Structure formats: structure tokens, C-alpha cells
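Please go over the structures that come below.
Paired with chain B in one complex and with chain C in the other, chain A is shared by the two complexes that follow.
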Partner chain A sequence: MPIVIPKKGFTADTPIDVNDMNENVEVFVQEIQGSLGEHNWAANAFNSENLEDGAIIRAYEARESVNWYTGLASKLERDSSGFVPGGGMPADGHKVSTRYEWETITDMSIVFTAGNSILWITFSCQIDFSSTENSTASGTAVVTYGTGKDLPGLQVGIFIDGELVSETVTGAMDRSNDTRGEGHHFRRDPTVIDCVVPIAPGQHVVSARARMARHTDADKSYDSDTDFYAVFNRQLYFLEMR
Partner chain B sequence: MPYDWTRFSEGDAATAADVNDTFANLRDEVNDLPELSIQPRSLHHAHIPSAVGISGFKAITTASTYTNRFIGFLDTAYASAPSGTGWWRVGPMSPPDQLRVVHAPVDCGGGSDPEPISYVAMANIQMKKISLPGAGANVAENDVRHHGVFQFQLELSPDGTTTTWVNFPSTQRYSSGETEGGRSHAISNISCQKDVPLRSLFLAAQIRSWGHRYIHGARVVCAVETNYLGIEMDLHRCNLSVFSLRAPKVN
Partner chain C sequence: MSDSKGRKTLEPLVLRNQSNLLISPAEVADEIENLVYTREGTLRSVEGPAPLIFDTATNALPSEYSSQMFGVYHTTLRGGATDLLLMHSGDNIYSLTGWTPTSPFKKVVGTAGSLIRMDLNARDTPQFPTQFETTPKGVVIVPQNEGRAVFYDGEIATPLGYDSMPPAALGHGPESTDPTKPSKINNGGYAVSRMNAGFTLHEDFGFGRLGTIEGRVDSEIGGRMLSGAYQCSYQWIDYFGNLSPLAPRSNEVRIQEQGYWSDYTLSSTASPEIAQKQLLWSNISAGPKGTIGRVFSRTKDILNSGTQELFIVPGNVGWAASGAFATMPDNASTQWPDNVPDGWILSQPHDVMPVPVFKLCRLSLGRLWIANTTDDPGILIPSMPGRFGTFLRDSEIFPDPSGGAITGLWSTPSGLMVFTATSTFILNVGAEGQGFTAATLNSNVGCVAPSSLATLANGGVVWLGREGFYVFDGQQIQLISGHISRETDRINPVRAKEAVAIVDPTSKEYRCWVARDGSRTNNKCFIFDGQGWRTRKREKLQSVCVTKDHRKYVIGAGKVTKSDSTEVSGLWVLDRSVGHYPLAPVKSAIETSWITWPLSKDKKTVKTVYLAFRESYIGSVRVKVYRDWRKTAEAEYEDSTTGTLYLEEDRPPAWDLSEWDDFSWFRNRPFWKKVDVSVPACEVYKIRIEADHPFEFIGMTVDEEPKTGGFGTRIS
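Then we have the complex of A and B:
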């Protein structure tokens, strides 16, 4: 029981006995020799002001805002002649290369230093695309321009220190039975991926990357001026939890 | 190392210097307690503050139809009804409800020193379909050219009283009425049934830089982006979660 009471009381005008002194000091010494415990602190003894900033959780974020709208449609929308009425890529939009390789999405990389901790990493983004390929509805004359019917899909993933957290990758990463088995191909696709990962002490880099998936026809290539995916509004954030 | 104390020896005189040394050593120890001075697991739930300031959750399971038209990325107009022009809240008109969480004000700090607060908002919206009522097959129903647009709004104030709903275009997400599959027909007549996810983390310093100090709540607003008048967007189940953390920005 850590309620400490001096054992001996000293009386006025009486010599102090060293044994009494020893006993009085000893009760305090015993406590601080490894006995300080839960009962030594009052309930709510530590309030938020006692906690150093970031003592438990730290937050990191990077965001990019992209004006994607022309007033009529996405700036990557194409008309019947293949022309982009909106003028093409908006400022701060990230055009994903057509090389089928992972690349860091612009500004979506954060360098930080941490101790032993757990990261809850979230990447949220808007996927858009440009395509000269059109679609015709079955049995009608309706044609939708620039639907990218043969684009192979896009993948995004979270990387830590350059290593892919493969479970975060969108799509099945398997094109054995589908034209777009590897990636997703929605016309305009809002996407969120996240993961919880333990990290070792030291400096780390968390990034969000993207790549155009390969077409089932491995030799198929795309003109990066006209047929590509893009990442628009986006935010990478994570909580470092100790 | 735990404090190694030497007792006063039997028969010795305890001089003032000895006594002072003893208490000075005790003082030094208490003022710099090492790990071994404290019992394992001695800090309990009751002793330490929660890192979570506020939290809230809202779910809507009633399907609703919207025709309010999207008019611009940076536009802040709020429609007077789900059939108007501009943003409209996600939630049914009848009974009146919305995908909104209201909570005690989160203080992001005054002066030039923001509180170490972060605020996380997470929403999931099921976009059931986008259609043109009365149109024939393959005409415009679920046409890929129509999009549902969604974004977060935070209810902020500079003084804890005068609140304003603030748009965050960086959280703006849009989704077409197309279902994946592509092949040769991007237009299809099945409901798109898309789950639209919104996530964002806000830092106190950002809230301060936007001229506000307090966060009173969050909600999701939507609009229909289309060239066709009368296009309807049906939303179904939605949910919104928010929480604040005592966590500073480090990067």
C-alpha cells in the first residue's frame, strides 16, 4: 500500500535518535525503490496539458486541390472530334504515365521520424482519365465519346520506404480472366485505400503511388498525350500511434 | 537505477550535513524518477486523459432523390431544395434529416499557437443510380456522362458562436453512373450501386489559417453533374464518422 506515513514522531526538546530518523526516511526510500504505482497518482492526475504534443499520437498529412470542372464536364472529357473542351490536364492534377510502372503521385510523399509505433495510413483520391476511345450503346445510335473502353485500368497503392504494401493495391492484380483484371476502370472513380502497419524506429517515407495496369495484350501501348489516367483531388494522411 | 540509500549508522551522530544530504538525495531521486522506480502497468485509464476529444457517428438508411445541379468546383452556393442549383445536404427531405454530426465545439486554439488538434472525417455514400425518368432504354439512364459529386463541409466559427458551413473542394469526389466492365458499352441500364468513400484529416493550424477557431460539426453535401435537365440521382445508405485527436502536425 503506497500511502506513506512517517513511522516516528519527533518531540520538541528531545534528541533525535538516528534509528527513528532511519525509519522515517526508509518508508519514502522503499516507495521510490520501485514501489511507486497506480495508487500514487490521483485519478485524472494527468490532464491534456501534462501530455507533450504528440506523446501518444501524431498526425501527418499532404493534400492537393484540383479544379477538375469546366462548367460542363470534367476537363478531360472529349467531344465527338476527340477534342478536349476543357483544355486537358488542370493545374496540380497528376497525369499517370503509360509506362505501367509505379510512380509517386505528385506531392503525395511524407518523410518523418518515429519511434516504435503503428501507422494508420489513408490515401483518398479522385481518379479521372482521358481517352480517344468511344463507346456505342447496343442497338442504338447513341455514342459516348472518350469512354476509354479499352483502357486497361489504374492501380493505386501505399508505399512505405519504397516498399509496396501490396494489400492496399486497388484491383485484383490478376488479368488472367478479365480485360481489366489488374486495375479498376471506372469513368470517374473516387477511391480510398488504407492500412495499419507497424514500423521500426528511424526515418521513414510514406507515399501514395499509381500505375496504369497492363492490358491483356501485353504489347498494347497508349499515347500519353491522349490516353491516360489522372489523379486529381487527393490527400495522404496518417496517424502515428504509440 | 533505483535510489541506493545508506542508513545513518547506529551510534553515529546525525549531523545537519548528513540529514541535508539524505533529503537532497531523496529530492534528486524524486525529481528524476527512473523507470525502475515505478511499478509496471502503474498508469491506468483513470489517470491519463483520452487522446480523443470528440467523436460522433450518423447513419442514414432512407433512400433519397436529388436533382440539384453541380455548378462549379469552387462554388459555394447552397441549393434551397434538392431540386435547386448548388450543393444540397445528403439526407431525406421527409422526414427531414441529413448526414451530419453535431458535437461540442473543438477548440483549435487562439493567438498564433494552434492547439495540437487533428480532426478526422470519414463518410461512405451509396450512390444507387443516376437516371432520367421516362427515358427509353440505353438513352440516358445511368449514362456515364452524369456524375454524383460529394464533398465535406465543416461547421466552423471564429468565436464559438457565429458558425458558418465551409466547403472543402479538396475533399470533392465525383463518380459516374457507370458500372465497371466497360467492354464496348459504357452506357448500361443497370443501377450503378457505387459506394463513394470520402476521407479527410484536418489540422488545427489549417482551421486557423482559414480564419476560424472552433469546429462545431461536419456533414456531406452532394450535387448532380450533368448536361441533362431532370437527371435524378438516388442515394441510399450513408454514414459519417468524425473524431478529434490530440495530435500535432509534425511534417
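Then we have the complex of A and C:
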């Protein structure tokens, strides 16, 4: 409701017309029955002392901590007996299937109900991979185990009600001559993605999902016991800005 | 009591408009001042105005009000979620922040502490009022002191677009330490393989993508990457989506030819694509305040692509899918590793001109039109659609071939009306939607005050020209103030450019405040109701607006006289009243023309005046009667008590005179009041009714008694 002013100001010796009197009251009644606006409060009236928690912003979070370190390397690389691809997958880690399809990362899904508002969604995680492919440095016999040179990248993205927010997807959208253009392919790689999205009133589901990108050879498949990506430490966090 | 035989009663005079012609019909008044046409068809004394904000305990006004007011504007943004009331007062442009009586405004533009620091230099020289225009992205504010226009959306304020170009970037690429030796080609500089042979980048990043490949399909050996060259440029982009001019082109980055049969640095079976490069562009400057990104442009391979044009470089990650607004979506980084191949760059950048300092703007045809720049008063420039602070080079128009300064812009369904002081044009989209065409509406009639333009309820456009007020009905331009030219000729021509007008959403009247005689402020309001004119002197307004929300308030910025005769400056809601705010009484008056010239050769005696009022005050009006073309200081007849504004035998309940439970509620009733006057044997006469308290006038009539045998107009 903006600032409103009576239609007629009564002064001494002025006959009182019933319509004038009613209209003077109606203008306020009508406004109050509508919605109050920013100009109806004193400047700086909104502060933490007179606002309930969640009146303007509500926060939602899902998180998972993963013990992924052996003391020497990632558990995906090595167990106590040495290099074992995929052998030490941590219990709380999320193994990404090799089906090349989006799947919800374990525990990274939040159901909530909101009115018209804007969501600021952030998903952060640590990515690792396991591979049986080794690399040999030129002119030497030294092997670098499990570099997964031919392993396609991993993509993560934010979904709202099952719909992908496309700009959150990690990696490029094309291949061109970039063999790993579709996703990340680094060991213990920290990744953060975010987006700001308006939503309609009702119940919604925000989730973080991941998939292994498809190899340039579309028929190529990987053994999900040894050649795969995993998501370790992760947090899905968003603000509902009302 | 006089004998009523032989008397003649005039037809009721329902006076609603005035004329200054010497000979006017009796139904047209000579003056109607400070009376408002009500929705019930009567004339009622001006109500209020009410101060928009004041301390109800002390009657003090906000401290931001200055004695010099240059603008007021209301609009809503984001579907009504943002309510903006802007005010240019003194050296600052303010935005209303909320209800608090002492200091309810924040500074948007002006002195220290403003969102944008700018010297507005309040001065008393004649100038257009501060101009405001709402666009879908925010309000454009145009101060008139040769300062830059500002874009404001209630939270963020930036200068409108960019008035300068970014500095040139610096290009880096591979260099050959010895171009004559195959092993020394492209082995220095930026993007040199430190990894496996043949890779420009670390293998995890893939290959480079820049460089033109020449294949060898007729041979088992591979092709080669040809020598190439690249240049870049970039533009800043601000919060409102406006682009800066393009930076000057960078230095040329050259890549030397590389391939199996040219230098043997690649194996015979290797794809020549592995020799392609990545470039680095540095010295990319951060933009001024309000910049949120940089749009990067680059040539394709100048030596091989056949073009030297610039093309916008998309971001590496999902440009099209994300709708990213800029190649570099930040205003901090200074380098851009460029691995975007020529095949990905398709769109050419916009060749943007620096935003000039201008005086006028108007949203029309999907663009913001700016006009009357400091360097070129006759210029008119359209913005890009949707980018209301971005103006392309060579898009300017000069509607007036003689280059006359543009003095007004107005959007109509027929197109954009463009005015100089002496001519009027209309501009529209050209044939088949290409370009714009300007047609002359009138080469002799122009506009002197851009803020005097307003659209009537019937679609007609009204404005103040040199000779008075004009209307354009979609077909032709007509002078509509000819019969009040005695009044309009007194408009101060030097201050005419400061005239301000609105169409009142309640009464549908056009109201224009102008400075008359020697006044330096707008001290009189001309009111046109579509049929005729009235005047108003209650407020001295330097700017006026109609709120864009459901209230439809008319808010004026200027001065009002208080009951202690002092003038106070501020924002005022017209035709609304806060009864206890101490305003000076308003003097309202109706004065007839000289009645009745066609019969003036026969003398008559004015016997009785009948006044049709509606109950409006426990008091009376002053009735004056003048005779024979002599409007003297002392009227022929004057009476201050008989013309009561209520019926004595049926006195209505009144404020301060009645107890709450002591009366029934009524509507104020109309009635006739008889005033016996005595003006004997006159040729013509006029009647003036005036009061310092409110009255509601319906009409009047007069009883005359013809004087037989005498002579009327003196004939000699």
C-alpha cells in the first residue's frame, strides 16, 4: 500500500457530506484490504529485531562428509596392498554409474514448499575417479597408474523438479576436438556450481545429479567396478529468497 | 419589493469555461479561477493540496525539500513490486524510501553520499524540467545541467550506458625463436607445448583450436596448419545490459605455419589439428562502476578467412544454453585465454557510440529516443531495442532539415512526435519494418516546453507552443487557446520552457503550469477540459506527475502558501486535503462576460441575481456587479452576506458546529440563492462571485428589467 491521503479535508464550518466522509474512510479500508507496500514503513524499519527467522530468507542444506584419504592417496587409487583401481570406494561416497545418464547423487535431494520466491542454489563437491588405464612417460618404463586418459569427463548439474538447470552443468556442451570437453577429469577435483532461479508457489524438489559423459566412441563401455567416477564430500545448499 | 412585471429572466448560465474575447456569449465566463470540475458536473473550489509527507505533530516538512524543485516522477517497476517516487530538489535527485516525516528520501544522484556522485548545480537560469522516462529495466533520469543521464531501478543507479571506450587489449600467442628452423617454429611465447610432442596445451585440456588447417586428402602424409593472424576487441556491459563502444583493436597476433611437409615438426601420421593454438588476450580493462562483464570480440584468421571483421566470442562453457550475457561475466579479470575456433564465432558486435549528454528522451517504438545533445541540439538518436542506454553509430536522425533544436518528444499511437520550437514532425518505422521515416506535420507550429506535452482522454496531444496551446488529434494541429490569448500572451517567453503539464486522471482536464509576466516560477495553471479553459493559482509547480499506480494522484513539486503567508516548498498531492495542515485560504472566483452585448443598445436594470449552489460552507460568497464595460476598483454593487452557501432555513450539519450523534447523515443539497441587486439603466453588466472559503457552483441566472425609451450604447 503506498501513501494515501483522504479525498476531502474537513475544516470548520464545512457541511459534512456523507459520501465525502465515507470516501475518506474507504480509501484506507481498500488499501489495507490489499497489500501494504514499502512506503508504508519508516526507513530502516526492517531489521533483525522485528523480523521472524525465515521471514525473508530461508536456508536449506544437505551435506555428506566422506573419509576418502588413505594417508597416501585416494582410496580409489590404493588400498593397503597397493594400487587397486576402485578397490577402496569409501562407504559414503557416491559412485557414478557408467550408464551415461543423470542420476541423483546420494542424499543430495531436498523437498520443500515455498511461495513465489527466488532460489539461490549452490552445489559443491569433490570429484574423483578410478581407472584401469595407465600412462607411460615417453622413453621410460615408469607407469603412472590409473590416469584414465581415455575416460570421458564427469558432469554435475542442478535439477529443479526433475528439470536440469542447463547453465549449471560442468564442462563444455560440445566435443569438437577436445576429448574431454564434456566434463571434468581431474583427481580430487573440487567443483562448485550455482544458479539463481525463480519458482512458482508449491512443493518443489531441488537435487544435484551427476553423469559420466559418453565417450567419443559411442559404443565404448566401462567396467563399473574399476572405471568410474565418484563424488566424495558434497553439499547442496540453497536460499529461498521470499 | 420591486414590481416583477416586465422583468425578463435570462436562461440559466451554466458557466464552465472562460474566454477573453471582448464579445462572448453569456454562457462563457470571463474568468473561472481555482475551481475544479467535479465528477457530478459542478465547479468546486480547489481542495488542498495535501503535503505528501509531513510531521503531523509539528507540520514540519522533510528536510530534503529545497526551495528549488526541478522534478518529480512516479512509476512502478517489476509488475508493481517496486514503487518509485523520484524528486529533484536542489543539488540532489532523491528516491522516497518510506514513511518517516523528517528524512524519508535517499540520495540517488548528487552530492556526497549519493549512489552516483554528480554536481547537479542547482541554478535559477531557465531550463527544461528534469526529464524522467520509464523503461522495462528502470527509470532514465535526465538532469538538465549538462550532466550525464542516469539509469535507476530502485536499487542500482548507473550512468546511462558508456560515454567512453575501453582501452585496447594486448594479444599473446606462440612465437618462433628462429622461423628458419623447423624445430624453432612456434616454440616460444604463449601456449607452447611443454608436454608431449605436438600438444599445444596440457593433454588434459585437449588441443588448441585456433589456426587454419590445410588438409592433404591425396596423400598419406598429414596436412598443415597455415600461418595465421588474429586481433581482438571487447566491450563493457553494465547492470542494465548496455554496451560500451568497442575498444580499439589489439595488436595482431601471428602464428607461423606448422605441419609435416612444411617443417617436419609433426610426424607424418599426426593430425595437423594438434598444431592448432590457443591465444591469450591481456590488458582487458575493468569497466567503470556498474559494469558486470565484458563482451569479447575477435577476428577470424585474418590471413585465411577472407574477412577482417570482428565477431563476438562466446564463453567456453555452454554460451548458447546458458544465455550468458557476456564472454567474461565479471569485472575483475584482465586476461582471456582464447581457445574458441573460428567456426564458433558468428555474430558481429554492435558498433556502439559513446552516450552523449542530452536533454530529452522518450520511449517509443520499442526504443529510447534521446535528443538535443550538447554538441548537436537538432539530433535524435534511437537506442537499441531492449538496451535503452546503447546507441549505435550512424543511427542518428535530424528530423528538422534546418537543424533546429529539438524541444519536445512525445509517444503517440501514430508514432513519435518530434518538436522544434517552430515545427512538428512525426517519426515512424520505415517501410517493411526497416529504419525510420520522419514526416513533417507542421512547419510553422512547434513546442517550447517538453514537459507541457500530455495526452487527453480522447487521444489528442496538447502542448505549449509559441502562440499558445495546440492540440494534435491524429489528423491536424490546431490552436486551442486563441480565445484566451489575452492570458496566454502573458506567459513569460524566457521561462516558457519550464512549463509542466499533466492530464488529471479524475477530471480528465489538461493542466499546465506556466510562469507569467515577470515570474521566474510557474505561477499560473491553465486548464483545458476538452471544450474550454479555466485557470488555477493555488500552487506554483516546477514539476508535476501522475502516479502510475491505482491511486492516480497528481503530485506536484513546488511552492504553496501557508496560512502565515510564507511559501513552503515540497511535494504536494493536488485536490486532496489534510484539513489541519495550515494552508492559506484559497480564493475562488467566477466572473461572467459582459452581459449582453447584442442587446446593449437597449438599457436594462439588473434586479436580481439567482445563484445555484450546493451546500459547501456555513458562510457566504461575495457578489459584485460591474456595469458598462467599467471594471472599477469599486463595483457598482457589492454584497458579502446575502449569497450564503447554505439555506438558512435548512442549515446542514457542519464540521465543528454539530455533535456527532446530533444529526442525520445527508448528501449536500443544491439550492437557489436570491441576491437582490440594484444596477439601474446599464448597457452591459458583469457579475463576479468570489470567496476565500470553499464553494460549489452550479449556475446562475439574472432578472433584468428593460428600460424602454432610453438609449443603450453611447452613440456619438
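Convention: the second predicted complex is superposed on the first by the 185 of 242 C-alpha atoms of A that agree within 3 Å, B and C clash if a C-alpha of one lies under 4 Å from a C-alpha of the other, contacts with A are read in each partner's own complex, and residues count from 1 in each chain.
Going forward, contacts are C-beta pairs under 8 Å (C-beta built on N, C-alpha and C of every residue); 3 or more make two chains touch, one makes a residue touch a chain.
The model shown is predicted, which means the values in this text are computed figures rather than measured ones.
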Contacts of A:Phe186 with chain B and chain C, given as first, second, both or neither: both
Touching partner for A:Leu72 - first (chain B), second (chain C), both, neither: first
Residues of chain A touched, compared between chain B and chain C (which is higher): B
Which of chain B and chain C A:Pro198 touches, first, second, both or neither: neither
Touched partner set for A:Glu64, first chain B, second chain C, both or neither: first
Which superposed partner A:Leu51 touches (first chain B, second chain C, both, neither): first
First, second, both or neither for A:Lys149, with chain B first and chain C second: both
Touched partner set for A:Asn19, first chain B, second chain C, both or neither: both
Intersection of chain A interface sets (partners chain B, chain C): 16, 18-19, 21, 37-38, 40-43, 45, 138, 149, 179-180, 185-186
Complex contact set, residues of chain B against chain A: 2-3, 5, 7-14, 19, 22-23, 26, 29-30, 33, 36-39, 41-44, 46-49, 51, 70-74, 116, 118, 138-139, 143-145, 147, 150, 169-176, 178, 180, 182-187, 194, 196-201, 203, 225, 227, 245-251
Chain A-facing residues of chain C, complex: 47-48, 50, 52-53, 82-83, 85, 96-100, 103-104, 106, 196-197, 203-207, 209, 273, 276, 316-318, 320-324, 341, 547, 549, 551, 553, 573, 576-581, 615-619, 646, 652-658, 665-668, 693-694
Chain A - residues contacting chain B, complex: 16, 18-19, 21-22, 25-26, 28-29, 32-38, 40-48, 50-51, 53-54, 56-65, 67-69, 71-74, 110-112, 122, 124, 126, 135-140, 142, 144, 147-151, 179-180, 184-192, 194, 233-235, 237, 239-240
Interface residues, chain A side, partner chain C - complex: 2-19, 21, 37-43, 45, 138, 149, 166-167, 169-173, 176-181, 185-186
